[in-house]
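Labels run A, B, C and D following the written order; every chain starts at residue 1.
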Amino acid sequence: MSILVDENTRVVVQGITGGEGKFHAGQMIDYGTNVVAGAVPGKGGQEVHGVPVYDTVREAAREEDADASVVFVPPAFAADAVFESLDSPVDLVVAITEGIPTQDMAKVNKRLSEVDTRLIGPNCPGIITPGETKLGILPGNIFESGDVGLVSRSGTLTYQVVSNLTERGIGQTTAVGIGGDPIIGTSFVDALELFEEDPDTEAVVMCGEIGGEDEEQAAKYISQNMDTPVAGFIAGRTAPPGKRMGHAGAIVSGSGTGTAESKIEALNDAGVPVGDTPSEVAEHVEGFL
Amino acid sequence: MSILVDENTRVVVQGITGGEGKFHAGQMIDYGTNVVAGAVPGKGGQEVHGVPVYDTVREAAREEDADASVVFVPPAFAADAVFESLDSPVDLVVAITEGIPTQDMAKVNKRLSEVDTRLIGPNCPGIITPGETKLGILPGNIFESGDVGLVSRSGTLTYQVVSNLTERGIGQTTAVGIGGDPIIGTSFVDALELFEEDPDTEAVVMCGEIGGEDEEQAAKYISQNMDTPVAGFIAGRTAPPGKRMGHAGAIVSGSGTGTAESKIEALNDAGVPVGDTPSEVAEHVEGFL
Amino acid sequence: MKLHEYQAKEIFADAGIPVPDSRLASTVDEVMDAVDEIGYPAAIKAQVHVGGRGKAGGIKIAEDDQQARQYADEILGMDLKGYTVDEVLVEAGVDFENELYVGVTMDRGEGEPVAMVSTEGGVDIEEVASETPDAIAREHIDPAFGLHPYQARGVVYEAGVDREYANDVASILTSLYDLFEERDASEIEVNPVMITADGDVVAADAVMNIDDDALFRQPDLAEMEDEAAEDDLEAKANDYGFDYVRLSGNVGIIGNGAGLVMTTLDLVDHYGGEPANFLDIGGGAKAERVANALDMVFSDENVDSVVFNIFGGITRGDEVAKGINEALGRFDEIPKPVVVRLAGTNAEEGMEILNADLVQVESTLEDAVQRAVENAEGNQ
Amino acid sequence: MKLHEYQAKEIFADAGIPVPDSRLASTVDEVMDAVDEIGYPAAIKAQVHVGGRGKAGGIKIAEDDQQARQYADEILGMDLKGYTVDEVLVEAGVDFENELYVGVTMDRGEGEPVAMVSTEGGVDIEEVASETPDAIAREHIDPAFGLHPYQARGVVYEAGVDREYANDVASILTSLYDLFEERDASEIEVNPVMITADGDVVAADAVMNIDDDALFRQPDLAEMEDEAAEDDLEAKANDYGFDYVRLSGNVGIIGNGAGLVMTTLDLVDHYGGEPANFLDIGGGAKAERVANALDMVFSDENVDSVVFNIFGGITRGDEVAKGINEALGRFDEIPKPVVVRLAGTNAEEGMEILNADLVQVESTLEDAVQRAVENAEGNQ
């Protein structure tokens, strides 16, 4: 079992004719993802990796019965691409693009409250259900099918933690990168909720970082609603206030909110052990199983 | 019984310090309406007719427990006043103002889809439950309490039909003027639905006019969902295409939609007798009771 | 209110929408000056608010000076469905390969704007809409967000517009929606958008109607209305602040409230008469307004009889009666018989005040209308 | 990016927000010219991106020429929390009766902007927020609709602003939100808005931060960033297109992906070292980019040791290894010891390629960091 995506997920790739889109569409297909269409304005009728390209997501979804979309579109046009998917409609949109203006995302966020479609990202590596499908840029080879769900705001940190898990023979049900931007479609709480409902997920790893209060809210959710054990990691303990640490969302505000201390404390209070190192996280998970 | 408003409805009057607002607030109070507050920016702390005035509807609703608002605000500011009420929140907003730009109302309409508050109007005479309360400018003295619901796009036409009913000794549960603008908050279907659910409403009169397709939709609703008998009237049989007949919404488009013929035919097909004159309408209603 | 083609095109050009080179002309000489600058072929287009100008002879394409002079002479001053042509737009002819329809209007049923695109441009779009509705692609627009770029592209692709110029057409649509929103339009359409052999897109016609209720915040457009000369009586009604529509019959009608006035018109028709006008004096009308309304109706030479139907809500019957007495008292002889029916607020007081030497009084709407129709028949 | 007060005030003034008369000056003479035009009292305000300028001595009020000259001399060139003051804003003093706080920021938890108004202006608003949160009225803004007029008024009334000038304050707030939206701000605040004895409202300070991700569509603001001289190394990182933050330690850190780099910093700290920087080379980094990153870190004279931590997803380990070899091959002697850890895509190929004469190779993150910390200790 898995959350959100599996071998049946029918994927349209927005921006499939661009460099990134083309490369990762190929990677996805190689991994086994059921990429049924591409969507690029003005490129309808072409084929990429044998996949038909349409001018609009709506047409792609209609003609190829797609139910999920992955967005590889430059930042200036990415919010529009997300809107397009939300209205096409598909059930799931995964926005990989980094650098979408925050005010564009505020508008997307408003639309999300009006529709049933789920957005993952933006500025995220995507989602993978090992052995079945991946939507995004995660390197498939490091993941193993198994019992642990993983949710993370970061890409490469996810790979690091996954490799620590795999070293110990611990596989994953689904791993989802929710993205490093200030405004994102799927929060920790959303993902935790899905893992809690998934009967095959025996434990969850949650990799947070400085900025915002999403981790604190996750801690609250975990203590009130979750039976599945959760192990945590928080990046950015040494980050100074007021500096953006790569991710647009990874910033401790001048008023001291969004610190690693606050997040670790909240998680600990919710009974979530937080590792000092990625391998410590894997140790905690091993203890759960 | 009644729909939407009764003696318990607690009303805030927006624009109570203006000429229209002040006059009609007085008329409402004289009729027995429970006017609990006024709301006018910058006039907080004043009193009108012994009613306290607040700067914002939110404050008025909070301090005086108001659950309905009547808007007497000039067209340029009226949509903002409606937004204010929708977000205050109250349960019912009655917008009397005529001449609100259509694009302002399109935005209000969008907001209406997001909230639970009902809007009646704009460009309407309001709503009255005879003997209990009135919100708006309807002359209370011509209405009688009774068994017939009335819904109309027009003000004075409503009074005409009511007087024809009253002549025959037929009173009203509630009469609601939904307004003569192209975009309005409460449609015929909405009002008919409420009358159908009201156990005391034994029959309904529906006064439509040229323009739009609201009457056609009402006919469909009546034939599919209503047990309560409905009598109809349609004004504007002699209106030429392309000319706005007073109401912004009363216009037969160049493409021939919105004609009286189409509406009368639809109502007849739904089993609704349509009077050639207002007194014929009253005759039909008499036949129902 | 409707803008003239040349007014709409000026606005389009300012918004960056490609339009053909053109000049406004009100004399044959001005037309000849214009073609000198523009060259041939040149379209000479009557600037009147009439649909189907082309079929009615209001648009001609001149290929040389002789034709230009001839067509200018024909069109200037001609009567086009009741409107006199005072001005023509002289416009560079476009050598087109395809014609599209692109428009934005308010969908009142949905309460939001809708964009429309069709590859069947250049013909009566309402005919297309009723005969082959699928030939028009539609996209509803959330007024809070506006037209998203993907929607503009999407509706253009859905209409089947060639990929080669789809982006340019989408860009015109986006500009049209921006204008629709900024200028409080109720309708904007370009029919046709012409596609040249080079793949350039050009707005070859322009319809732009503005929401009357929003003119207060579009002062420059409100001024254009004054330029667009209307029927004299309608202009007078505008000055008085009445909702007035002139019709072709001989029974003049005055009332309060749009629905009731429309009903009065319908009853005139029902009883065999023909309404001469719609005149709504509005709510709370005072004596002077009543007098102005009577002046309006008497000014219409077609009127043989008048019915005055007031149901008082805010409007008080005694005030109306005073106004009627005052207005009619000025005449040595009442020009046309006036039937008055007062109901509602202070109706009885009004009835008592009314001078029976000046008016005929009826107490029901039906009786009042019937009597006015009889008066009209007797007066013809 | 942060705008300077004088830059923000120019933008405010263009938007019709009342600001005091002011001049920018970079020498004492320019300050004296400015006070000649503006008169006394005059505020002399350091233009640096530092909070609490007033307390730190960066703002002085001059009452006469002698004071003006003295303060200008003191402030120009002073070091304010690590930033050198190159420019001051000379501004007309405002004789105020009240000070308000008015701001708009993005509430990331709600995913929408929020307007804030408080009558406790002129002091540290974050202190107010944490000690007396009720003293700040807040109104969330639906980004699709924007700030409704009733909301602007409502939040001003709710904050307890006097009715006498509430409309003017609401109008400032409305302008601030318009700027927030049009200029892609992440935060705009005026603290204080001063209320004069006459009831006039004036924006006496101005904070305006712009969303870095939106600078591509705010080219004029992006240019202002160049004017705002930054730390040399941060400017260099900007040229290279790296996400870089300089810190105070001596272990230089290079990695790919923000979360992993932050984790590497944390581990350096965890093992007793002190990170010198955050440097994310991003996804899919090629050899040249790797060389640039090494150049960056070696340019920091505080660095005693470097750890290079790559987990390849899109980024390929062999490419990274080539880049490291190339970059380090240019040196006769490697300036600081470099520990490399490669994992993920093509990590093994990378490890083989790496020249062991140039770098120390570790296979786990923990070992790599520990070794770099040890190197730093040995190198100090």
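As a working rule, a residue touches a chain if its C-beta (ideal position, glycine included) is under 8 Å from a C-beta of that chain, and two chains touch if they have at least 3 such contacts.
Everything numeric in this text was worked out from a predicted model, so none of it was measured.
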| item | value |
| --- | --- |
| Farthest-lying chain, centroid of Cα atoms versus that of subunit A | C |
| Chain pair with the higher count of C-beta pairs in contact (B-C, B-D) | B-C |
| Between subunit B and subunit D, centroid-to-centroid distance (C-alpha), Å | 55 |
| Mean-CA-position distance for subunit D and subunit A (Å) | 28 |
| Subunit A and subunit B, separation of their C-alpha mean positions in angstrom | 49 |
| Subunit D, residues touching no fewer than two other chains | 142, 144-145 |
| Per-residue multi-chain contacts in subunit A, two or more chains | 107, 111 |
| Complex interface listing, subunit D residues touching subunit C | 142, 144-145 |
| Residues on subunit A engaged by subunit D in the complex (per definition of touch) | 75-76, 99-103, 105-107, 109-111, 125, 137-139, 141-142, 152-160, 163, 180, 182-183, 207, 209-214, 217, 233, 235-240, 243-250, 254-255, 260, 276-279 |
| Complex contact set, residues of subunit D against subunit A | 51, 106, 108-109, 111-113, 126, 129-130, 142-144, 181, 184, 186, 211-214, 216-217, 243, 245, 247, 255-263, 265-270, 275, 278, 280, 283, 311-314, 343-345, 364-366 |
| In the complex, subunit A residues that touch subunit C | 41-42, 44, 55-59, 77, 80-81, 83-84, 87, 107, 111 |
| Residue numbers on subunit D that touch subunit B, as the complex places them | 145, 148-151, 153-154, 157-158, 163, 166-167 |
